[in-house]
Amino acid sequence: MRYEPLNLGRWVIWGAMALVFLVAPLVFSGGFALTMLIQMGTMIIFALSYNMLLGQGGMLSFGHAVYSGLGAFLSVHALNLIGKGAFTFPVTLLPLVGGLAGLAFGVLFGYVTTRRAGTTFALISLGIGEMVFACVLMFPGFFGGEAGVSTNRVVGQPFLGITYGPAIQVYYLVATWCFLSIVAMFALTQTPLGRMANAVRDNPERAEFVGYDTQKVRFLQLVLSSFFAGVAGALSCINFEIVSAENVSPIRSGGVLIATYIGGVPFFLGPILGAIIFIFFVVALSGFTKAWLLYLGLFFVTMVVYAPGGIASILLMQIPVIRARRLGELALPYALAAGAALVALAGLIGIVEMVYRLSEQGASTVLNVFGLSFDAQTTPPWIGFALVLAAGLVALRYASRLVGARWGAIQQDLLARRA
Amino acid sequence: MEFFLVQTLNGISYGLLLFMLSSGLTLVFSLMGVLNFAHASFYMLGAYFAYQISTKIGFWPALVVAPVLVGAIGMLIERWGLRQVHKHGHVAELLFTFGLAYLIEEAVHLVWGRSAVDYRVPPDLDGPLFTIFTSQYPIYRGFMMLVSVAMLVSVWLALTRTRIGLVIQAALTHPQTVEALGHNVPRVFMLVFGGGTALAGLAGVIGGNAFVTEPGMAASVGPIIFVIVVVGGMGSLAGAFIASLLIGCMQTFAVALDWNLVGGIKMSQLAPVLPYLLMVLLLIFRPTGLMGTREG
Amino acid sequence: MSANAIELRDVHKSFGKTKIINGVSLAIGKGERHAIIGPNGAGKSTLYNLISGRYPLSAGTILLNGEDITGLRPFEINRKGLSRSFQVTNIFHNMSVYENIRCSVLWAAGYRYSFWHRVGGLRDVAQRAEEVMEKIGLAGRRNVLAGTLTYAEQRALEIGITIAGGASVILLDEPTAGMSRSETARAIEQVRSVTEGKTLIMVEHDMGVVFGLADRISVLVYGEVIATGTQDEIQANAAVQEAYLGAVHKEIASA
């Protein structure tokens, strides 16, 4: 984890973040935008909790949805009990219930999963995830079976006039918990446990030889991470007013992994970026095309191959160049590369959409884009899009070489200046 | 008695299929250090290819052609995909194969749709093989066992008796030395990866029509294979063998036994969870697996 | 009678059928500087791995300050006051020099698994880390990423991590491996000053380092200690001469 000591800058950044949270629904107004913002807020907490495991602790988990999902289930039952009047508890503090539930399961499963590290840990987490998912379907009494458990968030006494009926109120609830969680999880990275989690990630053997039980470090890190996952689960429960087996599914676990990775695992801010991009893909894109999961998969694989540090790494790499005021030299190569990429993307989208149209039973095979229509059953559009894709890829190859050469020259200069 | 025999035979044939899958995974992991998360996806591709070929031409050509196709795809993926990711470390390799699993499943959705396809046992293999007391044991199950055993024996022979096999065995522990001796280790890696995927594809050819061929089949059998690998001990073929048979029989018996357990749950409902329970128990009492050798 | 710092009683270690350590018994007193020398493959690193808990013993006992530490895990042994360095530099590559040292101080300073202390505000930890960095001469490089240090600097950091926790028994595994003459001379001084008042056990190949630093020397050949004594005793020992010269003769003969 890069730790750059900031001074006044620290307050400016946190203040700016708080401001963004406050102002976002005013900038992105409208029901659809608000839905996305709420889901982004929840996903940010979830992805940050996941990165406590992967980025900070070196633990790759394929079953993190277990903690958020079980947190969600306990929250939904608590909410229903509040609704029935069994006890009074402010809905505002429901994420605490989810968090504690997540933490409890973190203790339970964490004991088993953290006995091993590395690839074995990853597979064990997958196994636990599958087991919990199967169990949830086996006990419809508590988990509601296929339909899940539904609830009503407008229950109990209104808090300062807030009922959480309107979406905007839900947004500010999510935003507050999100901001607090970000602060808390960042603070945790600055503690002895947080530092030793990094040490265990980098060199578990050495960590043992300076007096630390690596298994215990990983266990504690997982327990803390599952608390925040539970918080995210509770917020999801409040937002959607329904919790089902899908909340503990391997798909959810895969989703948070993809989101975190796309954003950037080695950086604290990475998962925040990744969560925003991921929700955008899933919510916005899925409205436009049936192929959104394919596009997400391709994007993810491309990131793994070409940018394993995620979007955050690409952005942060520019900072030394910006400081040296030489970003302008890269403007043209970047523009060329972006243009080539867009061309290739257009060709790819054309082909993918046409394939989807053909494979769908009873759908029209005519594709309408920018006022032009292409019939997927005829040959010319295929050749056309294939050519566009090929041209884009070739152009991208040249453009990326140009970027690489320009980048290398700048890096050499920067190194020479430093020496 | 009859029930016990029939279910044991079923369990063994299922276990052998699982071993075909887990052995390919273990070999690739032992050699390249990368766990192929998409291994079960190649199993699925084998089944779908076999379905396509058997409806157009016939089952017997499919038995040969489909695994070869899958192996070829595996080699291409290794050469153009996995090899690029190798320099980023094991986590990146695992995540690459993870993304690959998504992509393969989407591709299958695209081409063959979201519901199961009617991949059937060929008529000449459809029928009773022999009769145990009053039950008839199907020919196809016997065929499955035959193919599994034949394939595993030939892989074992290829590894221990041929030159390329010896090179592979040497490269398992000392890739740089083997390369220094003039062998093309990257090509060996590509062949082994392709071999592993072809093995998975073959398992798909014979398993796809015995069980079901649908886009979710990779996601349902994949985790069980990983459990087998963990339970048997990462990197141990003997362990994978024992774990495969153990889990194969355990699941077969659980599904067949219609016992009523506590809380209104039947044994057959518990069947999908059993391998994971076994894994959890093993982890508590014997964390390195039955015969653990290599730490992931 | 105060207990010895380290005592090995009839220690055996085999890997499968290969016997590496064949009945080693050794007693090293408190505050002693002890060197273990021997030809390559004698088992010196294995012995270290047994003492520090990295490998389990096949037979025998090891005592630390009179307490039986056989079979304990490395972190348990470290908490009882033993710390070791590694022949192949084993540092936290992705952290700065300062953070490397700080991680080595945290347990000894008593902060354990705390997730409620802000590590930047821990004065005692910071002070100790600064002290250690001064001692190993890396105070000027405190914010440099450990993976980008020069080889000699990394070896110094290796020693720094080893002593930072304040252990009373220090095991150094070839601390001057791969160093030039001047670097070695500086390393000897560093080792001498950082192990002031502690028990030091050192594996070394460089005889100059050994004779300069060690109070007593043990010679390990084929997993057995063939001689223990002061520098003069060892140099006069016939068995030692045989072991070293014999090895030289074999090399010449097969050349």
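The chains carry the letters A, B and C, assigned in the order they are written, with residues numbered from 1 in each.
Operating definition for what follows: a contact is a pair of C-beta atoms (placed from the backbone, for glycine too) under 8 Å apart; a residue touches a chain by one contact, two chains touch by 3 or more.
These figures come from a predicted structure and were not determined experimentally.
Colleague: Of all chains present, which has the mean Cα position farthest from that of chain B?
Modeller: C
Colleague: Name the two chains that are joined by the greatest number of C-beta pairs in contact.
Modeller: Top of the contact-pair ranking: A-B.
Colleague: Comparing chain centres built from Cα atoms against the global Cα centre, which chain wins on proximity?
Modeller: A
Colleague: Taking each chain's centre as the mean of its CA atoms, how far is chain B from chain C in angstrom?
Modeller: 47
Colleague: Could you put a whole-Å number on the gap between the CA centroids of chain A and chain C?
Modeller: Chain A and chain C have C-alpha centres separated by 45 Å.
Colleague: Return the distance between the CA-based centres of chain A and chain B, expressed in whole Å.
Modeller: Computed from C-alpha means, the inter-chain centre distance equals 31 Å.
Colleague: If you look at chain B, which of its residues touch at least two other chains?
Modeller: Residues of chain B touching two or more partner chains: there are none.
Colleague: Using the touch rule from the top, collect the residues of chain C that touch chain A in their complex.
Modeller: For chain C paired with chain A, touching residues are 52, 54, 73-75, 78-79, 83-84, 86, 90-95, 99, 102-104, 106-108, 111-120, 161, 164-165.
Colleague: Spell out the residues on chain B that touch chain A in their complex, using ranges where they run on.
Modeller: Residues 29, 35, 81, 84-85, 88, 90-92, 94-96, 98-100, 102-103, 106-107, 109-111, 113, 219, 223, 226-227, 229-230, 234, 263, 265, 269-270, 272-273, 275-277, 279-280, 283-284, 287, 295-296.
Colleague: Across the complex, what residues on chain A touch chain C?
Modeller: Residues of chain A touching chain C: 1, 3, 187-188, 190-196, 198-199, 202-203, 205-214, 216-217, 220, 224.
Colleague: Help me check something: in the complex, which residues belonging to chain A touch chain B?
Modeller: Touching chain B: residues 60, 62, 112-113, 115-124, 126-128, 130-131, 134-135, 138-139, 250, 254, 257-258, 261, 291, 293-294, 296-298, 300-301, 304-305, 308, 355-356, 359, 361 of chain A.
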